[in-house]
Structures are given as C-alpha cells and as structure tokens.
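Multiple structures are listed underneath, in structure tokens.
Okay, so chain A shows up in both of these, paired with chain B first and chain C after.
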Partner chain A sequence: MTHLDPSSTGLARRDFLKVSATAAAGMSLGFFWPTHGNAAETPKLNAWIEIQTDDTVIIRYARTEMGQGSRTSAPMLVADELEADWKKVRIEYATAHENLRTKRAYGDMATVGSRTIRNSQEYLRKAGATAREMLIAAAAAQWGVPASECTAALGKVSHAASKRSLSYGKLAAAAAKLEAPKEVKLKDPKDWKIIGKSLPRVDIPDIVTGKIRYGIDAQVPGMMYAAVAASPVFNGKVKSLDASKVENRRGIVKVLNMGEFVAVVANNWWRAKEALREVAIDWETGDNGQLTSAVIMNSFKAGMGQAELAVARNDGNTVQALGTAAKVLEAEYFTPYLAHATMEPMVCTAWLQGDKLDVWTSTQNPENTLAVAAATAGVAQDKVTVHPMQLGGGLGRKSPQDFTRQGVMIAKAMAGTPVKMVWSREEDMQHDLYRPASLVRFKGGMDNDGKVQALHIRVSAPSILATLLRLPLPKGVDGQAVASFNDHPYDIPNSLVDYAQRNTNVPVGFWRTVGHSQNPYMRECFIDEMALAAGKDPLAFRLANLGQKSPRDVAILQAVAKAADWGGPLPKGVFRGIAETEGYGSYTACVCEVSVSDKGDVKIHRVVIGIDPGYAVNPDNIEAQLQGSVVHGLSAIFWGEMTIKDGRIEQSNFHDYRMMRLNEMPVVKAVIAPTGGFWGGVGEPAQAPLAPALCNAIAAASGKRIRSLPLKNHGMSLKA
Partner chain B sequence: MTTPPAALRRDWLRASLGATAWAAGRATFARVLGGALGLGSLPTAQAQGMLSGKLLSLSEMLDPIVAGAPVVRAGVHIETLILADNGLSVPFRVWVDSPMTAQDHVTHIWLLSQRNPVMVMAKIHVGPQMGRAELSTRLRLAGGQQLVALARLSSGQFRYELADLIVTEAGCVDGS
Partner chain C sequence: MKLEVNRQVRELDVEPDMPLLWALRDELDVKGPKFGCGVAQCGSCTVLLNGEPVRSCSYPVSAAVGQKVVTIEGLAQKDKLHPVQQAWIDHQVPQCGYCQGGQILVAVALLKKKPKPTDQDIDAAMGNICRCGTYARIRTAIHAVAKKGVRA
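== the complex of A and B ==
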C-alpha cells in the first residue's frame, strides 16, 4: 500500500520566475526562467527541464496518461532538441497547482482531442532547443571558445578542436544562470535522433509490475470510502430517503443526502456499496421517466422535416443539382448512444482540511479538476492540490468533472476526513455522458460517368457543445455533430450539410473520436453505395471523386490500398471493403477483409489500417493506437448501444454492454505513412475508417447494406 | 484545431499592434503589449478554429467605443478567477480609481469579451452620486479569453484593464 503525501507537489516550491509583463501577455509558455543562485537545488533550465549532477535529465509532462502513450512521446520532442541521452531521461508530471502558481507556465493541460503532440510540439521543442543552447553557451564560456565551435549530442557538449567535452550534469548549474536565447532554431526533421524512433513507453514497466498508481489506487491515512447513487432517471433529484436499515450497520459511517445523489460513507467500499442497495430512495423525476429510445427516434425523425435548419456547409446549389443529376441515391443511417465504459470507473478521493483541499482522481484535465474542486469546496484555487495519477482508461469520459464534483461534495460533508468515492460499474454505465445517437439522411446525385455532382447531408442529433458545455453555437451548428460532413474532402461542386439540433434528457459527451466515431461510418458507406450504383470499384470511385483537391486523403488511401493489395486475389468467400477519413489533423484509411456466413457470422480475416499524422513521433506507439482503435471500434460496431426505457439507460454492466474478447481480435496490419510538413493527432482518428471499411466489406460479401449500428441488431456476430 | 491559450493571446496582441487612432502614450502602449513587441508580422487575429466565434483584437474591442478618444491602461482593476471551472457563471469584479466628484468621475464601465458572440457583455452607467465606481457580477463566457473592463471618465478619457481567464475545458471543443 502506497501512502501518498498530500503535500507532494511534484515540483519544489521555489524559483520560477520573473513574472514580467510577458506573463500577463501570455508570452511565457514554458519559459518561466528560474531565479538564480540557489546552488543546493537541481538546476532548472526552464519549466520543462531540470538536470541533475549525475546527468539525469528530468523532463516535465503536462498532460495526463491514460494509455495513449504521450507521456513518452511528448518528452521525446523535448529530449530530441535538447540532444539528451534518452537513457538518462526521467519524466515527471507537471501539476495543475504548479501551473496555476506559475500563471500557466505549462500551458494547456487538457488531454483531449488527440492534441498533446500537435498542439504542444512547438513549445516543447523550443524548450529543448533553448536549454541545449544554454548548455552549449555554458561550456563555451568555461573553455573560452566560441559557442559556434561546440556541439551537443547524447547529453554532452563537445569542442572538437580541443577534444574536450563536458556532460550536461556538469554544465547545468552554470547554464541555468545564463540568459535564455530569445530565438532558437529548431532542427530540420532529417536531423531528428529521438523523434521518429520506436521507443518503449516509459510507463509500461510500472504497469506490468503493478507499481503504477491509478486514480482508483489512491490511499490516504484514515481514509473512508463512499458509494454513490444518482437518480436512474436522468436529472432526477432525491425526494426522500430512508436509511434506517443500514445506519447502525457495522462500518457504516454516514448516509448523505446530497440532493442530486445519495452517498453511503463506510470504512470499506464494499460495505458502503452493499448498504447503498438497502437505502430506500424516492426520486423526483418529473416527466423525464417517460423517455424511451422510440421517443428519441421520433424526435430525430421530426428533425429531418424541420423547417428551419442550421447550415453547416453550402457549396454551389445542391437542391438544383440533385434535380438535374443523371442518377440520385438516397439513404438514411443511424448510430446509437454509446457508453465509455472505461476499465476504471469514475473515482475521486478528496480531503478537505480547513481551507486546504487535496484531490486524487483520474482526470483528463487536471486544471478543470482543480477549478471544479475549488468551486465545489468553496476554497481558494491556490489551496487545492490535484495529485497526478494515471488513468485506467479515459476515452473522453474523464474530461468533464461531474465525478470530481461529487467526490468533493462528499469530502465537504465529511470535512477533515479523507474519502475515496468509487462508482460501481452499474453507476458508471447508467450515468455516463454518452456518445450521442444520430440520424443522418444522404442524398447524392451523379452524372453518367460516376462523378458525384451533388451531395446533401442532413443531420438530426443532440449537441454536445450546447448541452454539456453550453457553448454558443455559431450559426446553430455543432461542429462535432457534422464533423467529416462539413469538411468532407471530396471534390463535389454542390454540397449542402444542414443540422437539426435535437437535444434530449440523455446527457451526452465526448466519446473517443467524437463525431468522427460515427459520421465517417455513414459518409463512407454512402460513398460505397454510390460507387456500387455507378458500377465502379470503390477505390477507383473514391480516387476519381477526391480528384486533386485532397492530396493527403488520396495518399493515405493509396498507401493502405497498396498495403492491402487492393484488387489482388482473395480466398473464395472473402471480400474487401475500403474507407478513408480525416480528423484531428491526420488522415486515415482502412481495408477490411471479411467473410460472412449464412447465419450472419462475420469472420474478419484481416484489418489493414493506416494513418498519415504528418510526423510520426513514436511509430511503435502509433501502431499500438491503431491496434487499440480496432479493439475499441469493433466492440462498438458489433455490440455497442445504450437504449433508453422509462427515462433511464437499460444496460447496466458488461453482460449487456459487451466488449470484444481476446480470441475475437483479428489480424491488424498497421500502415504508418507520415508525409511530413504537419503535425496530426493519433489517439482518435484511426477509429474513424474502421466501421465503414468493415460494413462495406460486409455489403460486398453478403449484399446486405448496413445502415445502422450495432451489427448485433442485424443478426450478425463476430466470429473468433 | 484548438490553439493553446497563450498562443491565442499572442496572436491577439500581435494584431493589436495594428490598432489605429490610439492616443495612448508610448509607455502605456508598451505596457499593454508587454513582451509581444518586436514580434514582427501583424497577422489578423483568428479564432483558430474555435467554434465559439472570432477572437477579437484589442483594437477591435476598443475602437468602436473610444472612437479616437485617448485611452490609457491605468486606474482600472479587475478581480476574477485565473481558472474557471466552467463558463456559465464566472465571478468578476471591477473597480476604477476615481474621486467620483461632480468634476471628476467615471461615467460608464463596459465589460468586453474577446470571444463571446456579443462583445459588449455589459455597459454600466455610473455617476458621482454612487461614490464608488465599482461593480461585481457573474459573466457567461464562451471559453478562455482576454476580458476588458473599459471606463469612460467625465473628462472624456478612457481607461481600461485586461484579465486573462481560462475556462477549463470539459472536453474537446475543436471541430476537427
């Protein structure tokens, strides 16, 4: 059992900076320079880099780690420019409270949107390059030679002419006293030594030896445990509760009526959970108990006929072009609500001591956790410490902080006692922020040569941005609801995308790949329908309709088709499907090879899935993300759906929200095809082309066009 | 793609260099721009793909109101959060140094948003009868941004202060 020291901040509370006018102007991201002169402490060259006398280089990581691997790949960017010896690099978390204290020296900490690398690469590389130049300058000064004659490599600065060299550990103290260069030149990609290498993830040894501490593992001396229940009907409130059956039970400390939920606090979690089952709770649910999946579908259908729609894209004159097209196709697609079902359910340990609050939780955004915790407890933000923990899966669920709010509400009610709140699997399944369901209607018009002249896409779906974040929607469009439609890459002269915002009482949120988890499935299946109607090969049809407009989409499509030997011979009964997508700054494509039995058994013989992320920082990790996307994607494609009856989610655990099993995993061939010149995301985009490639292959094999997911509803199952 | 807030602010301040018709003194101007001076090019501030609207430059926010009158960054104070847990109800306090006499007082205070669909969040009429030029409110903000409190004095001069506020994200708000 590891006890976590609540006073641990991950950083010594000294130094940092001359907070000058630049700080107020936000110019100082990662470049808060240490104050000079405390020789007893390890020299910090900037917020990101600390070098010890034994040559250990400590690089800070300001995002969270949930299996996506960027705790390794983001520091690689720093280390490469620093010319560090990777074997001597140690990675430590930057913390939200330190970020607050330094007026956001570490910038954005949100680990969302596949953006750790693409949004921070520039300032991380600059941090490394700046420190490198300072180390070189320190060595040059010591030797009395021009800095231009010195070079840095593998954690050392060398002067070739005099055959002298000094390790970074010996130079760091002097270097930290130097003024940082205002401008640094970043390396040419051809000179990268660490970026582009397949390096093992730094957290793997601790994971496989059980040493890593996830949010759920937090242990604090004297800690109590809480089990919680919110209204099964969404947005219900506690009308009354009777805890008389459990209040005097052994180990039960308190039963809390928190209005929005009930918590049982006990000296172990199982006692709390079991007692909670016997607390009689009467919920006030109003009319919300009437909601069903059918009611929601009727609302979506009504959206299709809605008079006023938000227009997300309007090129040319689509209505007119559809009227004159030689061939017109129409189809309606549906994707269901999905739960994240992360391996580790929602968890929050909180300890309020006077005006001081400590929080241990699995969060995708420690700054959001800090702000929510402070607001909930009513303490000052600088009195809150958010302890970095590894996440047992995130998938977008652990970005909104509803669970932190609950945990801190309990800690406030139990002021002085640390309390670990853990959701049961059932609570987690039934109180998710679900991937929205979506109904989409396509109408496409082609000429006699199979060139698409007009495409009308109408989306009827809830808005995450309007309901969860309550953001204003420019022109009424939720960009996630229409993602991959409003920015489709096809060279179609007339494109109309419109949107009916149909919100329900089912809370929605960001599920890995968000709008790209569903819209590309529908788009690329409809493209296949048009290819079939035009009598064209699906790859040739796509290439012809992409034209010259989208060279990166074309490049990844061709790379994956080549890797899959598209058009080559296949065993009898095996068929292929293809799709290409783009999102999070990257370009992806997929080919699936399947056979389908008369009974509906789908055997996936091979998945060839590829990505062009611009630059591939850690190819092995990218391959893992592609494989992981197939695991996560196939579970959703075959079985994933959350249905609503009596205002609540019908599913409750993995017996009715099935995950793919180990023996069902198909062969995956990963194609990493970086074309350079840009930085794209990796964690999410590869999931997008899987569903359409698979459903297109199923259509080729069985003649059955799949216009809604999951496949189990079409009598199909995944054959191991 | 969502740009880190610091970069957004940098672009914004860069764009502010293009502000015209400012009567601000050189020293004041330098204070406003801080370390952003000398960055070279003057691109137009963009919303960087944010769905919640266009990021306005400082001049785009101030010019329509000050209309060429002298504007100085001094004497206005803001108290708000650094991190807001959400954008729905952000506490915000502003006060202006002023004797608030009949001869020398604040006439108006504007609360301006760089990112909200409606830039002028509030225009408050004040006068010597109030004794103090001060207000507390809660703001609804469409994401992290720079906020401006602008005060008009009875002399016709304008004064302002900026606040840098991050609305911590509860998810991925970029459309890509």
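== the complex of A and C ==
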C-alpha cells in the first residue's frame, strides 16, 4: 500500500515542473484525452487547458471539492493568466488515472493541509500564462506581425495597430501545434483581473437543484449495497459470526466475514443495515478491551515525567532562565480526542470486473484511493478508474483510505457485482481516525516588566505521523503534535519545546486544522495567563512580546484588534478575549466578546476573526471559510470529546456528539487582510485563534481559566 | 405501493416500514435526500410531505402513500428555480452542500407559513445540522427571500 499522505505526498513542485514541461511538449504534438467526447476536435494547450472552437475554455481541476471552494478558486488562477473570459470557462476534473497515465502531469491531487492554492498557484498560473503566450504567438504568425505587438484579453488576441482580433476558439488549433515557451512572465498582482474577485462558486447551482453527485450517490446498474461493522473494540477481529437469522431475509444477498469486519450485502442499504444488527458477531479483542480515557490520561501524565524526550525547539537555556526569572507561571492544558463526523459518512462503491476496477468514493486523495484500491484488489494500477465525486465534507477524514480498502475488499468478495458500501453514523463515529488528545505543560518566566524571558512547553500526545502514516519522525518529533509551539512567533530568548510520544490503540488522524486546532488554544491561553500575572492588557502584552520578530503576526493582530475596537467600551457584563497564530502559511487572529452567567451560560455577542493569507484569491469564499471555521470550532469547544471505555468509543451519533445549530450561531465579523507577497491557506487556519480568544474572554468575564476542553465539562453551555 | 414523488407517480414494492429515505434513494434513484445520521437528528434527509418538512430516514414509506413527496430535485418548476434556491445562489450559501437540499426545503416550508420570518422564527425552524457552518448565510438568504416578497 502506498502512503501518499498529507505531509509528504509525491513530487516536489520543482520536479513536477520538469514533468509538466515534458508533458506540455507532448501535448503540442497532438496529445488528446481518449475519455473526452469531442477530444479529437478540442485543441489542448497543456495539461490544464483545452479550448473549443466555440470559445469554451476547459480548465482542469486536479483536487477535490468538499466545500472549501477551490474547485472555483484554483481555476481562477489559470484563467487570470490565460486572459480568459470567465463566463466561457468550464471546469472539469482531472482524474487520478489520467494523472497516472501522464506521469503526474497534474502533480499532487490531495486536498489536505489547506494547500490547494498555496502549493499549486505557481504551476497553475504558469499553465495559464504559457497557453496565453502560445495563443498570442499563433495570432501573430497568422497576421504576420511581431507577437510583442499583440495583446490578449477576455478570450481574444488583438493587434491594435491593424485593429484585428481573433477569439481563442479560432486560434487554439494553431496554438496547440506550437512549442510551449520555456519561460513565461507571470502578471504583476496589480494587473490581476480574476484573482481577487469574489466570484460565485461553480458547483453551487448543481447543489441547490440536487443535481450534484456525492460519493454516496454513485449509481451503477446492477449495484448492491453493503452495511459494515468492524470490532467496536479497536483492533478486534471477528472470532465467529452467526448470520442464520438473516440469510433468508428479503433482499439479503450475502453475509461476508472479512476478518477485520463483517459486511452484509443486500439489494437496498436499509435491508443490509437492519440485517447487520441481527448478525451475531463474536469479536476477538484480547486485552484491548481494557482501554479507558483514564488509562490514556495516565499514560500522558507518565509522558510528562519521561526520562528521554524528543526536543522540538531549544533556544538559549530555558531551564536556567526559568530558575532566575522574576516571575514564573506553570499550567497544564488538555484537549480531547475528536471525531470528524462529516455529514456524509464513509462510502465506497467498487466494481471489480476481471482485472478492471472502478471506484466511486468521496476521497480527499484520489491518487491514494487508486493505489489502495489496486493493491487491495490485486490489480494493476492502470486498470483502476477512480471517478471524481463531490465530497459531503472531508475535514481531513477522507484522506486516509481505510474505507476504500473495505469497499474494495467487499467488491473482491463479490467479484463481478458492483457494491456500494455505506457506513452508518455509528460506524463512522466509532471507527474514525480521531484528532489526538494531548496533554501540555507550560512553564513561563518573565521579568518585572512583563517581558517573557523563558518558555518551556512539554507535549505528551500520540503521533499521527508515526501511527497513521508510519513515517519516521525527524529527531523523534511529530510536527503536528508541537505545531505552533516549535514555531511560536514570540521574541523570547529562551524557548524549550519537548515531546513525549504517547500512542494508544485509539487511531488518530488529521482533523480540520490538525495540531493548530489545539495547540494555539493552549499557547494563547497561557500567554493570557502571563499577561494577567504581569498586569498587562492582553493585546499590549502580546505586541510587546512579539517585538520586531514577527511583523505579519503583529499586522493581523492589530487589524483584528482594530476591527473589534479592542479597548473600546462594551455593554455591562460583556468582556473581550484575543488570540493570534500562524498556520498553513496564513496569519490569523480573533477577538471574542462574551458574557457568562452565574449558571455558566456563555453568550457570544460577537466573533471578529481575521486572516492574512498573503493573497485573497476569492474573498467571498474566504469569508465563508472564516464563518465555517467558527462553527466547526465552536461545536468542538463546547461539546466535542470522544471518550473511551472498555476499549471502545462511547459516543455514537449526533445525540451524544453534539453539533452547533443555526440558533446558536453568533455574529461573525470576518476580516480579510491580505498583505501580499506570499500564498497562505484558507480552509483551516482560522479555526486556530477561535478557542483561545473565546476562553480568554470567558476568563475575563468569569475569572475562570479554562485549561481543558470541551466547555461542557466546566458546566458551561452555549447560549443561543 | 404507489408514491407521488416530485409530481410523478412511482410504483414500488417494498416493506411498509422501509424508511422513505431508502425507498427514494435505493429503489427510485432519487438521490437528493441524503443519509446523515439515520435517527432524525441531522435533517440531511429532509423532504416535503404535502409541504411539511419530514426527516425521511425515520419516516416509513407506507405513511407517505397518498401524500405529495417533494425532494430538492422537484423544487424547481421546469427550469425556473424556486426563489429560495435562487437566494441560496445569490448569497453563496452552500459549502460542501450535502445538507443543503434539506436546509432549502425547510426554508421553503418556513417561508410558506411565514413569508416574513423573524430571526426567532428562523432559529426555531432551521434545526438541521451543517458541519461546514453555513448558518449565517442561511439566515441572510431567508431574509432576502422575505424582503423580495416573492411567494415562496
């Protein structure tokens, strides 16, 4: 099995560009898509761009869409450099099998780590610019004028001196025969016409009419449906099963013992799911059934005193500086395991016909889907087709391919018959790859002026990279476990960050915002504790300790503070909290305004949340991501925790893993403050400063310092 | 049994207690209603029965016989979008979109009863879960339909 994973997927960008150049040269010699209906007539300028005679520009999108909006914003980058008329652009998916066949002409296809724009912006813009130059060259040749006298705009090349112009549709065939220029000049950001505009997302019309197809909506003739159950105790196996009660039931096709799980195959998913409840399964769980949340906490606590620790950061001499500091503070913070609970549970439809395999699933990583499917079925990778589908949310859950493996195992057992596997919500919550729980101890030393002299952060937590991806950890450090600690922006002369890797049976994975979903909460709350101890205003304290070292952190902090009127008057009983952090290449900050009743009702009067992503490609979509980050964050902050008893997850559905609803939605003011010169992510980073800003506001309002989440465990509830 | 779905009479032979959701999805290939929880918690499976929103994952198909079932696919009249659908586009409400068919149908039912809903009316009616967090825009879009005064 290949592990094309969120942190280390495949080709570096530099390697990709070489491949891309080769591929583009191949295409100019008449390289067409066999899968495309009218491909033979559609000139292809490079892997990303085809132009039809009616001026329709087809731009390929090589990632997936799960609500983050990049199916619109990534092609905007191509279209801007191409000088395309956006109204004539049609976006089509590149597929994993095409990427395989073209030796990765599309590069990385994984939609993870908020990196679709920031990691592909350069080659996407170059693809657009290259095609633009080829179209200009084709026009210049036809008119017999120098290319330098021709300009491209809105899907046309014009020659001003002779007042001639030709549309791209008329030039594409000739342009496709030209050699692609090796060097192209990208536009100055001030000349962008499409990038930076709030354009409507291309998938929304199909969403509101119900036409859009998610993984769960795959429809294949003769298809059967599977409901599955894995051992509720992690790592358990099927010891025996008795399906005699259901085998002759209406619609039941087969009950499969797959060793790791049981599948009931039927001609309707409800029939399969109902029958599965009555299959008597005896699980072999060994001593895995002993695990509890308390056992895990004890292991984390033991990690705190572990003799050998991995060192993630070591500036100056922290231990010594703490010994001599005028004021020393110490605090321990905890964050729990969390489930993703995407609205669409895990699904996989697979159809094995001989050595040919078709897969329809909601995946954040189609290349990994293809690799896992081929390995599971035992077929060659070039015999596998992964059909692109919209995702009913991803949140990081749909990058690992455990569900594809299950679906293909079933398809193999049912060879010849297409089978759609759908997980129940209970299966989804109990067999997630959870956001790791973590225990973190802070020790901070200040001088008498409130300048932090030393900061020691010790992390005791599982490693996603070591357990899920089985990657070797550089110097024993999981970068996600220490994210925002090892790279904290504060100008502190002595910083020590160390890490005790504490893995358990509970499988862990990438949950939207990953390490930044928990570490900034702890860091920025501890910073507040120090500000309070120093008798300083939380914003002033941060600015003083950031110093000159991190101008972008300072800029977003100031922008959000200004938008929130930090220091300005508030109604009686309303208090503010503030926090900032960097993450996914972007800079974020948040101010929350809350009041807390004696009973623990937390009323959020306003959330001001801001991001500096360098360039804001589609601002309206960024606003949507900021609003979404607040909702995703608040559900976790108030209620989110997965607890373990008898080796299994205790929560099973939305009644005991509560989600925020519309009536609880606070007012959100989004601050989009791009400062230019870099490209940051948008889907995840804004969640990071929310929890600390909220908990700092709660501390200001109630005097209660929240050192563990969720808030329900502190007797607090979100007041609608 | 006979079921009227999106103004078409469809014939199907299933157990009377099969949830309407699975009759629609797996028997009639009507995929707009989505499976989210199976226990009437999330509302992704919402359909309209005689204009009333119902969580079809927990509603027996036999009880829908004789009623008009409308799913998100049946909301637009021919090519003319329902004003709520148009408002959802105008205000760029959906993110992943999985829950949005249900959200739209609940909004349609709300606006039919209360063409000028207050924030409290919206709070009370719009109980479906959205994990992407589109709540603020849902509220804005509903108010926009109300303001236009189009009969929803």
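Here is the rule we go by: the second predicted complex is superposed on the first by the 680 of 720 C-alpha atoms of A that agree within 3 Å, B and C clash if a C-alpha of one lies under 4 Å from a C-alpha of the other, contacts with A are read in each partner's own complex, and residues count from 1 in each chain.
In this text, a contact is a pair of C-beta atoms (placed from the backbone, for glycine too) under 8 Å apart; a residue touches a chain by one contact, two chains touch by 3 or more.
All figures in this text were calculated on a predicted structure; none of them were measured in a lab.
Undergrad: Using the overlay on chain A, decide if chain B and chain C clash or can fit next to each other.
TA: On the superposed model, which is not a single observed complex, chain B and chain C fit side by side.
Undergrad: After the superposition on A, what does A:Gly113 contact: first (chain B), second (chain C), both or neither?
TA: Only chain B is touched by A:Gly113; chain C is not.
Undergrad: Once the structures are superposed on A, label A:Arg552 by its partner contacts, choosing first (chain B), second (chain C), both or neither.
TA: Neither: A:Arg552 stays clear of chain B and chain C.
Undergrad: Once the shared chain is lined up, is A:Lys88 touching chain B (first), chain C (second), both, or neither of them?
TA: In the superposition, A:Lys88 touches no partner, neither chain B nor chain C.
Undergrad: From the CA centre of chain A, what is the angle out to the CA centres of chain B and chain C, nearest 10°?
TA: After fitting both complexes on chain A, the angle is 140 degrees.
Undergrad: Applying the document's definition of touch, where does A:Lys536 land relative to chain B and chain C: first, second, both, or neither?
TA: In the superposition, A:Lys536 touches no partner, neither chain B nor chain C.
Undergrad: Pick one for A:Val631: touches chain B only (first), chain C only (second), both, or neither.
TA: second
Undergrad: Give one of first, second, both or neither to describe whether A:Arg441 is in contact with chain B, with chain C, with both, or with none.
TA: So A:Arg441 meets neither chain B nor chain C here.
Undergrad: Classify the contacts of A:Ala483 with the two partner chains as first (chain B alone), second (chain C alone), both, or neither.
TA: After superposing on A, A:Ala483 lies in contact with chain B but is clear of chain C.
Undergrad: So in the superposed three-chain picture, is A:Pro200 touching just chain B, just chain C, both, or none of them (first/second/both/neither)?
TA: second
Undergrad: Please give the nearest C-alpha separation between chain B and chain C in the three-chain superposition, to the whole Å.
TA: 19
Undergrad: Name the residues of chain A shared by its contacts with chain B and its contacts with chain C.
TA: After superposing on chain A, no chain A residue contacts both chain B and chain C.
Undergrad: Write out the stretch or stretches of chain A touching chain C in their complex.
TA: Touching chain C: residues 65-69, 200-201, 203-205, 207-214, 216-217, 219, 225, 250, 267-271, 273, 341-345, 390-395, 422, 424-425, 620-621, 624, 627-632, 635, 653-655, 659-663, 665, 668, 720 of chain A.
Undergrad: Which stretch or stretches of chain B touch chain A in the complex?
TA: Residues 1-10, 13, 31, 33-36, 51-53, 81-88, 116-117, 142-143, 162, 164, 166, 168-176 of chain B touch chain A in their complex.
Undergrad: Can you list the residues on chain C that touch chain A in the complex?
TA: For this pair, the touching residues of chain C are 14-15, 18-19, 21-22, 25-27, 29, 31-32, 34-39, 41-42, 44, 71-73, 75-76, 81, 85, 88-89, 92-101, 104, 122-124, 126-139.
Undergrad: Can you name the residues of chain A that touch chain B in the complex?
TA: Going by the criterion above, the answer is residues 20-29, 100, 103-104, 107-108, 110, 112-113, 115, 118-120, 123, 365, 367-368, 370-372, 374-375, 381, 396, 399-401, 464-465, 468-474, 477-480, 483, 486-487, 509-510, 514, 583-585.
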